[in-house]
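Shared between the two complexes below is chain A, which has chain B as its partner in the first and chain C in the second.
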Partner chain A sequence: MQASRARLFKEYKEVQREKVADPDIQLVCDDSNIFKWTALIKGPSETPYEGGVFQLAFAVPEQYPLQPPQVRFLTKIFHPNVHFKTGEICLDILKNAWSPAWTLQSVCRAIIALMAHPEPDSPLNCDSGNLLRAGDIRGYQSMARMYTRLAAMPKKG
Partner chain B sequence: MQNHDGDVVESKTESITSIQTSEIDDWANFRDDDIMKQQSAIQAEEAVKIPFVGDKEPLLTLAAEYQSGSPILQEKIKVLSEQYAAIRRTRGDGNCFFRSFMFAYLEHILESQDRAEVDRIKVNVEQCRKTLLSLGYAEFTFEDFFALFLEQLESVLSGNEASISHEELVQRSRDQSISDCVVMFFRFITSGELKKRSEFYEPFVQGLTNGTVEQFCKSSVEPMGEESDHVHITALSDALGVPIRILYLDRSCDDKGSISVNHHDFTPAPGNPTNDNANAVKPFITLLYRPGHYDILYPK
Partner chain C sequence: METVSQSPSVMMAEDRSSTEPSSDPNPCPICLASVVEESYLDQCFHKFCFNCIVRWTSIVASKRSCAPSSFKCPLCKTENFSIIYGYDGTSFQQHYIGRSVRNRSDFFSEAHRYRLKCYYSDPGNLADKLQVSRYWKFRKYLQQNHFLPNWLRREIQALMQEEDVDIIMHHVVGVIDSLRRNWLKNSRNSTETAQKEFRLSVSEAARPFLTGRTERFVNESELFLASGLNIDAFDKAYTEHLGWKIPGIEHDEPLEHIPAVPYLYILDEDSDGDGN
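On to the complex of A and B.
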């Protein structure tokens, strides 16, 4: 418990330092609980998520960093490796390939990379995965872009 | 087409007895989080059966284990018992090599009080720290693990406030919060060494996984619970300048059918600060390898 708190405090300081270096990620710690974080990440360019801002919720376990943080999308997103209802993310480093060498910041970077490079062969969102697996890139992109507009962009007017 | 969740669940359920099926009646909502919880429940169940590091047992217990097993193995255990007196088992959780190394090394220092060796390994540990920094690791991601190992190293030397007894060393090795962190320290060290000399290690890594050294470290070295192979052992031995002897207990025998127990000495390659004299040092860490698992062996 003490170890995880100390580690998270170091990450907090690191995040303040890296703000300028990584403008696509805005990682914020809960005011009253260092085990709860949220992040705003920018959808990567040249993807159907471009122009969108996506919110992630982090729940950090007491065994952190020996165990991975739980991360999910709070913003609705149409992506093969994100559960459409729960926002759960299928990413190896959040499961069995986790190591303490990762940080909350680098997890955000990995999620941005996953947005740009979906893995349709291990889908959490089968509809999205099936479109890609069937080679219907256009179908996948237009669905993903529609949800980006609906859920991840500021409402017009 | 099968749902991703369903795939994982199906392969796991067969081996699980403790989870009531009623708890997972709604398959559609059975998520990766649940699977991870289930995995840690299984680990907790296994933990009761064997501690991270067991008690020292006479080699006879190993013979008893194979009483009705392969005659080749029985014969090999006899050969083994001519030179070795005891075995200390470690938990088969994928960390057994690192855990065995941790205990065998700290126990050796506790018993020998070899301060020169402690000073020597500290030089290599400092080199490893610099290696990780130069590879771009953020210091705060590994410094706690380094500090904890150095703390254990100090504590097995007598005559200071933090000194511990052999019994306490056993207790600490069984305490998850210490034991796992020291294992993680070795994983960082191993990864740093592999990446630093990636040109040298690449052919060996490719023989195992077909990927790059970088990918191998990410998937098979740094995550806890990933099993160790020759490559890990070589890199750890090189990085820390500690020779390791491994005896192989398997069913192999030579053409003539004569029985001997193969062993291999991992001798630190020159390159790291204190490795030059390491060739002359006889390995003081001896591990027993049975396919898929490492335990500690004690010579007579």
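On to the complex of A and C.
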């Protein structure tokens, strides 16, 4: 418990320092609870998520970093490896391939990489996975782009 | 210099950040703080705090059904077998994954410690002193060395920091014995091939257990065999050569005197020193 707190505090300080360095990620710690974080990540360019800003919720376990944080999308996203309703993410480093050398910041980077490189063979969102597996790149991209517009872009006016 | 014009407030900010512990340029990847009790993985040599990496390996072990003998480095995913820690310039300790921590018990004597230390010291021209080349040249390797099993047991115990190493010891002895039987059968074998065969077979037999220390172990085994000495005499020659004083290994007493007054000598050491 003490160890996870100390480590999260280090990460907090590191985030404050690095804020300028990585404009695609904005990590914020909950005011009252250092085990609750949220992140805003920018959809990677040249993907249907470009232009969108996606919110992630982190729940950090007490055994962190020996156990991975639980991360889910709060913003709706159409992606083969993200559950459409719950926002749950299927990513090996958040499960059995976790290593304590990952940080919340680097997990965000991994999620951005996952957005740009979906893995349709282990889908949490079958509709999205099936489109990609059937080779319907256009169908997948237009669906993903539509949900990006609907859910991840600031409303104009 | 031009940089003097830098504003004082910037300089101070830099100063402050450099004195903070978090600005350690090479922190432990697990706790992100300065490394406490430097420990290295035996294959990739990545550095962690001892407690951090041991806790991580025990988490890894608890997730598998049977105790694993290796684990992946959290940084580079290289398979490692042990954690090297407590390095003090001459010796170190080693923790193998899947075993309880720091269980080094009574079996680990000063002699074990001295043997372990040898692996971190340059033996210099000891091979010449002990006449290793004569050993091969005059085919002394055809004779069995009865001290070998005990010597090997202590050596492997020292390297693995594990008491029960008899299986490995018998394995290595068996390999050397079968080599000798082959050499006896084919007496036309050149002595160079014999030496090569010895080095190759022993390192093959020991490598799965001794990993990075195998080469040196083969050297040391060759030294011991070639010396033709028993364990005590070998230790004496070795430590004298390196100029070490090891408690339990006597230097001042000439060898031939020991059998004459063995018990008196031991009593002298244990008593208050006021006797004769």
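In this section, the second predicted complex is superposed on the first by the 157 of 157 C-alpha atoms of A that agree within 3 Å, B and C clash if a C-alpha of one lies under 4 Å from a C-alpha of the other, contacts with A are read in each partner's own complex, and residues count from 1 in each chain.
By definition in this document, a contact is a pair of C-beta atoms (placed from the backbone, for glycine too) under 8 Å apart; a residue touches a chain by one contact, two chains touch by 3 or more.
Computed from a prediction, not measured in an experiment: that's the story for all the values here.
For the composite obtained by superposing both complexes on chain A, the positions of chain B and chain C are in clash.
In the superposed model, A:Tyr147 makes contact with neither chain B nor chain C. Contact with neither chain B nor chain C is seen for A:Phe54 once the two complexes are overlaid on the shared chain. Once the two complexes are overlaid on the shared chain, A:Thr86 sits against chain B while remaining clear of chain C. Judged by the touch definition given at the top, the superposed model places A:Trp37 against neither chain B nor chain C. In the superposition on chain A, A:Lys95 makes contact with chain B only, while chain C stays out of contact range. Number of chain A residues touched is higher for B, counting chain B against chain C. Of the two partner chains placed around the shared chain by superposition, chain B is the only one that A:Ser122 touches, whereas chain C remains out of contact.
When the two structures are aligned on the shared chain, A:Glu11 is found in touch with chain B and with chain C.
On chain A, the surface patch touched by chain B in one complex and by chain C in the other comprises residues 3, 6-7, 10-11, 14, 65-66, 96, 99-101, 103.
Of all residues in chain A, those touching chain C in their complex are 3, 6-7, 10-11, 13-14, 63, 65-67, 96, 99-101, 103.
Across the interface of their complex, chain A is touched by residues 22, 27, 29-33, 52, 55-56, 59, 63, 72, 74-75, 77 of chain C.
Against chain A, the residues of chain B that register as touching in their complex are 1, 3-5, 31-33, 36, 137-138, 140-142, 144-145, 177, 180-181, 184, 187-188, 191, 218-219, 222-225.
Chain A contributes residues 3, 6-7, 10-11, 14, 65-66, 70, 83, 86, 88, 90, 92, 95-103, 122-124, 126, 129-130 to its touches with chain B in the complex.
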